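Each chain gets a letter, A, B and C, in the order it is written, and its residues are counted from 1.
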Amino acid sequence: MHLLSISSLGDSQLDQLFARAQDYALDPRSGRDRLAGRTIFNCFYENSTRTAMSFAQAAARLGAQAITLSVEHSSVKKGETLADTARTLGAMGPDALVLRHRQNGAAEEVAALVDCPVVNAGDGTREHPTQALLDALTLRQQFGSLTGRTIAIIGDIAHSRVAHSNAELLPRLGASVRLAGPPALVPADAGSHSIDEAIAGADAVMMLRVQRERLDEDLGDAPGEYLRLYGLTPERLALAAPGAVVLHPGPMNRGVEIADEVADLPGRSLILRQVANGVAMRMAVLELLIAG
Amino acid sequence: MHLLSISSLGDSQLDQLFARAQDYALDPRSGRDRLAGRTIFNCFYENSTRTAMSFAQAAARLGAQAITLSVEHSSVKKGETLADTARTLGAMGPDALVLRHRQNGAAEEVAALVDCPVVNAGDGTREHPTQALLDALTLRQQFGSLTGRTIAIIGDIAHSRVAHSNAELLPRLGASVRLAGPPALVPADAGSHSIDEAIAGADAVMMLRVQRERLDEDLGDAPGEYLRLYGLTPERLALAAPGAVVLHPGPMNRGVEIADEVADLPGRSLILRQVANGVAMRMAVLELLIAG
Amino acid sequence: MHLLSISSLGDSQLDQLFARAQDYALDPRSGRDRLAGRTIFNCFYENSTRTAMSFAQAAARLGAQAITLSVEHSSVKKGETLADTARTLGAMGPDALVLRHRQNGAAEEVAALVDCPVVNAGDGTREHPTQALLDALTLRQQFGSLTGRTIAIIGDIAHSRVAHSNAELLPRLGASVRLAGPPALVPADAGSHSIDEAIAGADAVMMLRVQRERLDEDLGDAPGEYLRLYGLTPERLALAAPGAVVLHPGPMNRGVEIADEVADLPGRSLILRQVANGVAMRMAVLELLIAG
């Protein structure tokens, strides 16, 4: 079994993941030795401290070792294809392979070539299922059931695998999702909310990271302009439902897509709880895929 | 005890390594906890994803932790000599030190300065003993005894530590070795086979990776020319014995030294089995050196 | 509890660290499983092979896993503040966080933001407490009590966190410390010894590494001049007490701040014993902070 996308998970698997992850969120040490003697290959072809360390921490807490592929040293530089790298890594017999790759569909391609479970830790602009799962866990801890809740996801919708995976997952859990962002970064089929309309009355606002490259190249706004036009300021958050919570997958650009006062809002910014839940959810995912 | 070269291994040690590695190839989990609590320093001064990860996986399967020295961060950049680095790493008390280094004789130099076993994971153009051992294991799985078998090793013989270690090891196991390659890349004392002559009637053909730098600088052939002149095409493989098998230490340059149809030939391309055997053989090596 | 500076350690904690580290120096395997199931985040924002590997080895010997943050991949490059990185890493629930950072006070800043123990593994030009602790352990093994002993610390005093932490610690253990170096690299309040005066009659001489950048830029001496003017030559060592010992935190610039004959002086150069003691002391530190 692999975790390649949200749609590859059945409802009972979702239930199992949320239940187990919640156990681990409450008692991180309770998974000790569950995957003793196992090895996870942690293959990050794009930089991501937080996700790579989160998987390594999840593996360690289950008693497994994460072996990190250093991309700088990798055979990619020697002209090896992704398929050959995948077959090679698979032949070494890891118990699971975690893959972050800039190419859409990379995880599917790898999964078809190896004998072990593959976790998609982000592929191109498509899917980042463990991020959506940890976001949903965080929202469920806050709201209990998500039925009838409205979640606004704001930012570079077009390029965000976080948005895509959440837009798949959250409606399955009963939530309504509204997508909005700078006009150039929202695809036509995402609906036609303005950012303010998307946030109005929402129970949670999930801000996406804006890529600095995109800031410079596509949007070309003056410093501070992005925050005023498209970012989450206290004024804009005030449009949401009373007590609405704030999420961000990190790393944040403070003063760009999110104002300091919002990022640090006590009791309402769930950003660090997302990080803690990320370890718990990845423990649940690794356990499900490896130990069943 | 160290593993610095093929010639440093006695016949009974060879027997022991092949027997143990075969056990681990059949049951990779059977080594669990054999090296529990041990640490292996994995010191790669040249990039090699596959060898570094293979040793890390081997260590993990024995219950040991591999601690990877990141060369980019290393004291080499601060002007420290290899000898001082070796003494320093040795003083930290690893249970074994695995070294890949571009300098001929680096492993010998390090072994003379530390108290722990040293494994030569490739030094300059000289030796790569665990690669030859895993190649031999793969051939023995295929043929049983290697007595009377002919192995053609094709490519950049002059610069290949893989070729050198195999040319030491395989004859000790009863095989005949024929070395051939582009004329500029075969030393005078390697015999004077053409590539086609070397392959004719061979039971196995081991293709070597051609360094892209060398392709550009020394051989200067047009794209596709290398494969036609020096690579393993289906036509050239047809010169070998019926059912002859194909090996490659990886990573492959597909369409350069090896054609796709050959690299992926079912039942005859043993390239992925080499990778799997690499982990098993390195388990056997680490166990022999550390636990005796 | 954190280890941020020497002054943050009480006398009884010092005693405990020295006793425990001495146990581990004598029997490195005696800590096995003491921190089983724990994870240490090893966060090095400056390159340091030896310190990072020393902490990783210490963690492994206690049964813990060190998870290394790769700074090249880190969110720093994505514009994340140190505070946000700290909070994020802390939210992942490591059992301790080891930090090397070029910014003075970085460890204090991080410690205020996370729930786990923080070990300062060097911050800017300020403190490197585990280095001073291992230096003191090494001197105590040599001399027993340090009361009445004189330690000369020679080199770039102005920029050396090693000097600063030792200048805090060694006097607390009863030693006199004399600081000296190239005039441009010694702050006015460090006393006005010449190097020869500082070494005269000293029981131990601790040479500091001179940064190559500084050699080029500030001192501008001809090759070999540094050693003659400011380095530890056999002639200069002869000014010290008979049998005086030599320390260096490494990596050494041989022929710059220290002559080969001195670096390798049998029985009197304690440089490799410092390295071994580094692992033992870091085991003691991790154990104290995590297990109490």
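In the analysis below, contacts are C-beta pairs under 8 Å (C-beta built on N, C-alpha and C of every residue); 3 or more make two chains touch, one makes a residue touch a chain.
This is a predicted model, so every value here is computed, not measured.
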| item | value |
| --- | --- |
| Copy pair chain A, chain C: interface residue numbering same or different (half cut) | different |
| Degree value of the rotation bringing chain B onto chain C, based on Cα positions, nearest 5 | 120 |
| Whole-Å gap separating chain A and chain C, where each centre is the average of the chain's CA atoms | 39 |
| Shared-contact residues (touching 2 or more other chains) in chain A | 65, 68, 70, 72 |
| Of all residues in chain A, those that touch chain B in their complex | 37, 39, 41, 65, 67-70, 72-75, 77-81, 84-85, 87-89, 91-94 |
| Contact set on chain B toward chain A in their complex | 28-29, 32-33, 44, 47-50, 52-54, 56-57, 60-61, 63, 65-66, 68, 70, 72, 209, 212, 250-254, 272-273, 275-276, 278-279 |
